[in-house]
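Two complexes follow with chain A in common, the first pairing it with chain B and the second with chain C.
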Partner chain A sequence: MVLAALRKDFLLHWRARARLAAIFGFGSTALLLFSFAIGPSAEALRQHAAGFLWLALLLSSTLALAESFESEMQDRALEGLLLLPAPPRAVYYGKALANCAQLTLLGVALVPVMVVLYDAGTSRLPGLLGVILLGSAGLSAPGTLYAAMTSQAKAGQTLLPLLLFPLVVPVLLSAVKATSLLILGDPMGQLGSWALLLGAFDLIHWSLCGLLFGRVVEE
Partner chain B sequence: MEERGATVPYALATVGLLLLVWGSSWGLFAAPGEAYMGDVQRIMYVHVPTAWNALLALTFAFVCALASLLRGGWQWDARLEAAIEVGVVLSALLCAQGAIWAKPTWGVWWDWDPRLTTTAVMVFAFGGILALRRFVDDPARRAAWAAVATIVAYADVPIVYFSVKWWNSLHQMQSTPETVSRAFHWPLRINAFGVLFLMSGLIALRTRVAALRLRSELAPPPPLRSGVAARVPAAGGAS
Partner chain C sequence: MGGLALAVDASGLSRRYGRRWALVDVSLRVPAGTVVMVTGRNGSGKSTLLRVLATAIRADRGTARVAGYDIRSAAHEVRRMTALLAHHSHLYEALSALQNLQVAARFLGRDAGRSALLPLLEETGLADRAEDPVSTFSAGMRRRLSLARVLLQEGSVVLLDEPYGQLDPPGFRLVDGLLTRLRAQGATVLMATHLLERGRALCDEAIALEEGRLVWAGRARDLPGDGGADPSSLGAAGA
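Let's turn to the complex of A and B:
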């Protein structure tokens, strides 16, 4: 049932792929703007590249997450979805997995922009992909839960970042550290412990938010 | 929801305030100054009790959220609102006191140490839940969503703490009666109970306000006066 929900959300994302392109444009613009905040010093930009990448992804994620429930609100699609003989948990995991995939794609697409703008390349591409995947999972698990609430509330566009940003501080911290270590070198071998922290956050939030989602959408 | 008088909460808050005045004046004037930090250290007499009670208030909010989800009942929702609000105020006070203490001691207002940063994150996370409550009109949804958000935010606090701890660490060790000299014990204890009583009184008062608001929200609309009622079907007719 999770797979069916995932298929539906992938189909939704695919049919609205112009939206993903627009969010990518937003993320790239953010990356471009961050360099103006620091100034044209190549060394400083390289030092902060990982932080900028994750800030750009975090800002873009609020757009992507909010959009993912926007379509469910049209014609009361969510209510119809919940009437199906499937637990709300399946709806949640399907949507959260689709959001995670979308954010991972977005992160991977933003990496070349970061490399070009900040001269911050890394040869450890599988490691970088892993960190982006873990970080996207960390953003999408609570993000999907909160988007389900804020899409139905007044001023939802403001509320989502307000609720989500303080919560994902550990994701931002550990993902930035891990990415930084990949770009600037990791002489102390600390990458593993940051990845572990990300993994622990993911584990806790993927199980907790899935457990609570039913109470968010029930009438 | 039965309506109860506010005598007990007011009494609790008054006892708390009196204890705070007693403990603080002891701490300010009677207790000896600290060997290295001097008078700056005296902020400990309010800082440490605030920290304990802020955590206590938010833990109580977590318990209320669990009870509200598992057992239901509007009283738990009212308690949840009160506990989060008092917890956020105490956490914000904690940040302010920490900054005031940090300036003369560390030379900066703010430091990215685990406890200070976690407290700031707590203020924003639980403050966000208060904002969420304001933007949801349906009381049933508001209760469920606030409870869910409280559980997620509370579970997040230890992860934030450990991640910031790994990221950077400078704060001095926690102050408990074991780590501070015997001369500092009494004012610290009196103030801890002072803040505890004040907090309990404020939470009880705020619960009462929230419960009364809920009752007026849930109450059926007042019956129309006969003159108006007679005109409504003729004017409407759309139903």
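Let's turn to the complex of A and C:
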């Protein structure tokens, strides 16, 4: 069932791929604007690069997550799925996995922009990919739940960041720290601990949100 | 409406939206295999009744068993046994007609292959638009695709909310054929409609709702007057 949901969501993402390009444009613009705030100092830019990468991804994620439920609410497609009956948990994990894949792709696409704007490259690309994957998972699990909740509200697009941002602060801190260690160097060998912490937050979010989704979408 | 094998056995169903009660103390017993017309004015509670029975929304009061399962404690089983054609199409606009059926088929555990689903699109007159996104469909075409989805579900209790709505004359014949087919398969059908002559001809039983209350129940061909469009035409409650 999760596979059926995942397939459906990948198909919906593929059909809306032009939107993903627009969201990438938004993330890149955010990175550009943040770089203006730092000024021309190369050292300062490098030091802030990880934080701004994750801020850009966080801001972009609210757009991507909200849009992922737009198609579910048009003509009450989600209600139709639940009446088939599709298990709410399967619907949730399918959508959360698809959102995680989309955010990971977005994060990977923003890395070259960060390298160009902040002169902040790293040779540890598999490590960076791993951190982006874990961080995207940490954003998409609660993000999918809250997007489902706010998509039924009138001011949903405004409510989503208000609800999501406080909840993902621990994920964001861990992801920024781990990314920063990859870019600036890790003389104390702290990367593993931050990645582990990030993984632990992911585990909590993916378990709890899967349990709660049914209560959110069922009347 | 009585009988031993009841497909729908509802008692005191009530549902409110905010302060307004849309359904008030509706009790209903529908034997399996019966085709029932649900009629009444706009806002009389027809859609609410069907949505409560389909477990799309919860009843605030009362109980009901659909296909032998309780709508509160066994909603998943009720959903497995029922198919609802609702006002909303339940379709993904961005996906094609075929993809929409494939999504439903995968969740139902059915064959989602093109060859398995194309006959449904042919039956509903959409085979030549199978690959087109639903966003390009007219309201009538969406209705046809929703009907194809209902056929795919093969529910033993089928709840049709104004199935003739937005359809053209061939579409009307399609729904007539669907009702005949469902009857032959032994399915129980509750159909909300304003088309009384059609309902009288195709349905076994009828109920009329007025301001959320059941005001008449009996054989469809005996349904008086305009079936609830003017409540005074129904006389005393036959329920």
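Everything below uses one rule, namely that the second predicted complex is superposed on the first by the 219 of 219 C-alpha atoms of A that agree within 3 Å, B and C clash if a C-alpha of one lies under 4 Å from a C-alpha of the other, contacts with A are read in each partner's own complex, and residues count from 1 in each chain.
One rule holds in what follows: a contact is a pair of C-beta atoms (placed from the backbone, for glycine too) under 8 Å apart; a residue touches a chain by one contact, two chains touch by 3 or more.
All of these numbers come straight from a predicted model, not from anything done at the bench.
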item	value
Chain B versus chain C as contact partner of A:His48, first or second or both or neither	neither
Chain C versus chain B, contacts on chain A by residue	B
Partner chain in contact with A:Pro166 - chain B first, chain C second, else both or neither	first
First, second, both or neither for A:Gln74, with chain B first and chain C second	second
Which of chain B and chain C A:Lys8 touches, first, second, both or neither	second
Which superposed partner A:Phe201 touches (first chain B, second chain C, both, neither)	first
Chain B versus chain C as contact partner of A:Lys95, first or second or both or neither	neither
Which of chain B and chain C A:Tyr146 touches, first, second, both or neither	first
Which superposed partner A:Arg19 touches (first chain B, second chain C, both, neither)	neither
Footprint of chain A on chain B - complex, ascending	69, 121-122, 124-125, 128-129, 131-132, 135-137, 141, 144-145, 147-149, 151-153, 155-156, 159-160, 162-164, 166-167
Chain A residues touching chain C - in the complex, by the definition given at the top	1, 4-5, 7-8, 11-12, 15-16, 71, 74-77, 79-87, 219
Of all residues in chain A, those that touch chain B in their complex	142, 145-146, 149-150, 152-156, 159, 162-163, 165-167, 169-170, 173-174, 177, 193-194, 197, 200-201, 204-205, 208-209, 212, 215-216, 218
Partner chain A, residues of chain C touching it in the complex	54-58, 75-76, 79-80, 82, 84, 86, 88-95, 99, 103-104, 106-108, 133, 142, 149, 153
